[in-house]
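In this document, chain identifiers A, B and C correspond to the written order of the chains, with residue numbering beginning at 1 in each.
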Amino acid sequence: MADGRAAAKRPINPRLWLSGGWLLILVVAALAAPLLAPQDPLAQDLFASRLPPMWQGGSEPGFPLGTDSLGRDVLSRVLYGARIALLVALVAGSCTCALGAVLGLIAGYYRGWADVVISRLIEIWMAFPPVLFAILLIAVMGTGLTSIIVAIVVIDWTRFARVIRAEAMTQGAMDYVASAKVAGRGRFGIMIREILPNVLPTIVVLLTLEMGIAVIVEAILSFVNLSISTDDPTWGSMIAEGRAAIHHSWWVLVVPLITLFLTVLSFSQLGEGLKDHFDPVLR
Amino acid sequence: MSFLELKNLNARVGPLPILRDVSLQVAPGEVRALVGESGAGKSMIGKAILGTLPDAIRITGGEILLEGEDLQAMSPKARRRLIGAKVALIPQDPLTALNPARRVGPQICDRLVDILGWGRREAEARVIELLHEVHIPAPERVMRAYPHELSGGMRQRILIASAFAAEPQLIIADEPTTALDVTVQKQILRLIRDMQARHGTALLFVTHDLGVVSKLCQSMTVLFGGKVLEDTSVDQFFSAPDHAYSAALLAATPKYTDPGGSLMPVPEATIHAVEAEIAAHDLAHQIETVRQ
Amino acid sequence: MTLIRIILKRLLSMSITLIGVAVIVFFIIRIVPGNPIAMMLPPGAGEEDIARLKALYGFDKTLPEQFLIWVRGILGGDFGTSITSRQPVMSLVLGRLPATLELSIMALVMAVMIGGTLALIGTRQRGGKAEALIDVTNGVSLSVPDFLWGLLFILLFGVLWPVFHISGRVSPALDLPFVTNFYLFESLLRLRFDIWLDLVSHMFMPALALAIPLAAIIAQLLKQSLKETMHLDYATLARTKGYSENHVILREALPNAILPTLTLVGVQFTFLIGGTVIIERLFSYEGLGNMAIDAVINRDLPLIQGIVILFAVIFTTVNLLVDLTYALLNPRLRHG
């Protein structure tokens, strides 16, 4: 009773609002990119290259955040980049989550040889440098959105599996599982009906965090130039161009960097905020 | 003159009184018992003297005088040093009162060296002597051991030796035997009594156990709900207790010569009467504050 | 006794893991459509070239045969020959390893210093504004990965306020008299502080970028652990002996709080080393990670395999070292 009241009184954490707000803006911007973008994100115009943003001298209308060295509009590219980033976050995040959570549940609840195999796989995966692993996978599979998503799923499933396995083990040892067994429920039924709902909050939190990580991995891969294709407007490739041109046109780096920074921070804060929200004892 | 004197000490957590005008004195060499049921505030008195009250608890009035000096008027550092040099604590649970990451020897010596400025050799020699005194076999070996290698009884002996090491003038023992086996309890109590007699240290002994009080102490303070109900000599208490609660306490103790006897069932009527007394005291206190 | 058991158990587990890594790297590259030869061929190569290349690198044999040959080579210290540079992979990789090790260790030292200081300050000022500030800083530092910190530093300290180098390991103009590739270490030994300073000023930004997330984790875990310890009886007893709060934190709480922090920091340190791959790329730092990315881009299979195995060896060794340190520091295990 007292707990319930405390939880009801507790205001929703401001960081939930702030991070959720930014992500909402991003989603809207991504969906409405064709309406919002002032230019074609792929259109090159060498006569309009390295235009500064509008608050600086020498800028031109129609290019509010300036242009890169090929004369492409930075704002338009960031807006279209959001589409790719969010798509990767959503698809790669959910697939990673699904694979990792299933393996984690099986290992943690069924134990036995399944656990031995999965735990060993996790250990092997932990011995790979993740970024190098991803780059290698892309090199092998070829560039493209699907490759990126597959690479993220392949390198990151352990993140879920490790945590969910531990949680499933704790839950599996609880009394309610024993009484469900006594009541004649099968193992699979118990896993789905009893264990899964109890680890669901953890899964949601991890999923949110994973989306942020997926965005970063995509950016890193396109930074290394192994992402979709050099032309496509991804934040990572913009950052790579900006890094190269940093001494004469800083805005090419700053704009996607700030966007990426806020997005990653938001996903992570949303995840942490959800964690606190689900688990008032921690607060 | 008494060594320690509390004058009308009040403490609260939020608006809730924990100590209500507590006054008590301990003369040099005196052994005073602090008795009362669980939650009466016995430990809080010890912590107030030692300066280790939990953050939530605030002292709202009164004085704590050590040799006539008001501890609360001193700088935190001076107070810490004074307490470190003149007062020692025998803690309740010997299992948690020794640092698991440090060897036993340095933990006993450190006060002598760091606070009292002894040489390390000198301090070690003194501590070995004291470990002999508390019947620790092979003290040199024990000093090199880690706490987890020693039994609970041994650890409590070590903590007793550590308390007496600096020859403090007052030792506060907060239920020093409740965490131990019954058989070990008796040995430890006897040890505390012997050590006290030999060193002539004043002792503030916190306990539930009237049997122990009758054997160990000269004077006693009875506490209920943070209020002192009776402050008397042990002989007086056991022959003719002054307060109705004390009488009930005594009557409820099955056989006070038997250490370990419980003091649980005090009649409810007596409890209600004491609670009424405390309510009246609080009201008077409030009126007093408002008038000022 | 326990120590030896721990070591043996870990060594066994380590070798199983390493074999797993070897199998996966080997077959990932070969299972996926497009055979490795095609991947490494320059455009416009003829049938004859393909056959020659296959024979040269043993790709004409069956996969299990190739795997056995490769593993046998590794056990004998032979990782094959790099396709792009035609030098032994082993010597290439060992030549770059010192740069990455120095960067990682520098980052670790920075993380421990920053995180430890924040944890101590936070514990000393617990419940106060300083602690709240540290908590917020930790939250942000943890959320943002090393890659973004690196970019931010490039912008701030490379362009806006250029105080550090943001590219390379050492100024090319400097004449290096070294016999090993542990430049940082050797410059100190030879008392060449001019070179040392130049190295540090190159390393500082990438190392800090790698250090920040780890520093935040250390600050958070250690502070939490310290705060719990400060409530325990032995801490209280030390206060009654006349010791100051600082003293109690440092001498009573810290030795106990370090242990639980240590195990988690071990895992996080391997993440940090994994982060060098992209950070070295970002700062054009000539280490293993940078070489690895070049190898992937150039389809230099033997080199990729070698580097991945080396990273796996480093990771598992770090975990082993952490376990050993834990056992050594924990009095219960030391005397158990």
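Odds and ends about this structure:
Keep this in mind: contacts are C-beta pairs under 8 Å (C-beta built on N, C-alpha and C of every residue); 3 or more make two chains touch, one makes a residue touch a chain.
Chains and their UniProt names: A = ABC transporter permease; B = ABC transporter ATP-binding protein.
Computed from a prediction, not measured in an experiment: that's the story for all the values here.
Shared contact partners of subunit B and subunit C do not exist in this assembly. A comparison of C-alpha centroids places C closest to the centre of the full protein. By the count of C-beta pairs in contact, the leading chain pair is A-C. Relative to subunit C, the most remote chain by averaged C-alpha coordinates is B.
Computed from the mean C-alpha positions, the centre of subunit B lies at a distance of 53 Å from the centre of subunit C. With each centre defined as the average position of its C-alpha atoms, the distance from subunit A (ABC transporter permease) to subunit C rounds to 23 Å.
Spacing of subunit A (ABC transporter permease) relative to subunit B, judged by their CA centroids, is 58 angstrom. Across the complex, subunit A (ABC transporter permease) meets subunit C through its residues 120-121, 123-124, 126-133, 135-137, 139-142, 212-213, 216, 219-220, 223-226, 239, 243, 246-247, 250, 253-254, 257, 260-261, 264-265, 268-269, 272. Put simply, subunit C touches subunit B in their complex at residues 127, 232-234, 236-244, 247, 251-252, 255-256, 259, 331-332, 335.
Residue ranges of subunit C in contact with subunit A (ABC transporter permease), taken from their complex: 13, 16-18, 20-21, 24-25, 28-29, 32, 34, 39, 139-140, 142-145, 147-148, 151-152, 154-155, 158-159, 267, 270, 273-278, 281-282, 289, 292-293, 296-297, 299, 304, 307-308, 311-312, 315-316. Residues 50-52, 55, 77, 80-85, 87-89, 91-93, 96-102, 107, 110-111, 114-115, 146, 148-149, 159 of subunit B are the ones that touch subunit C when the two sit in their complex.
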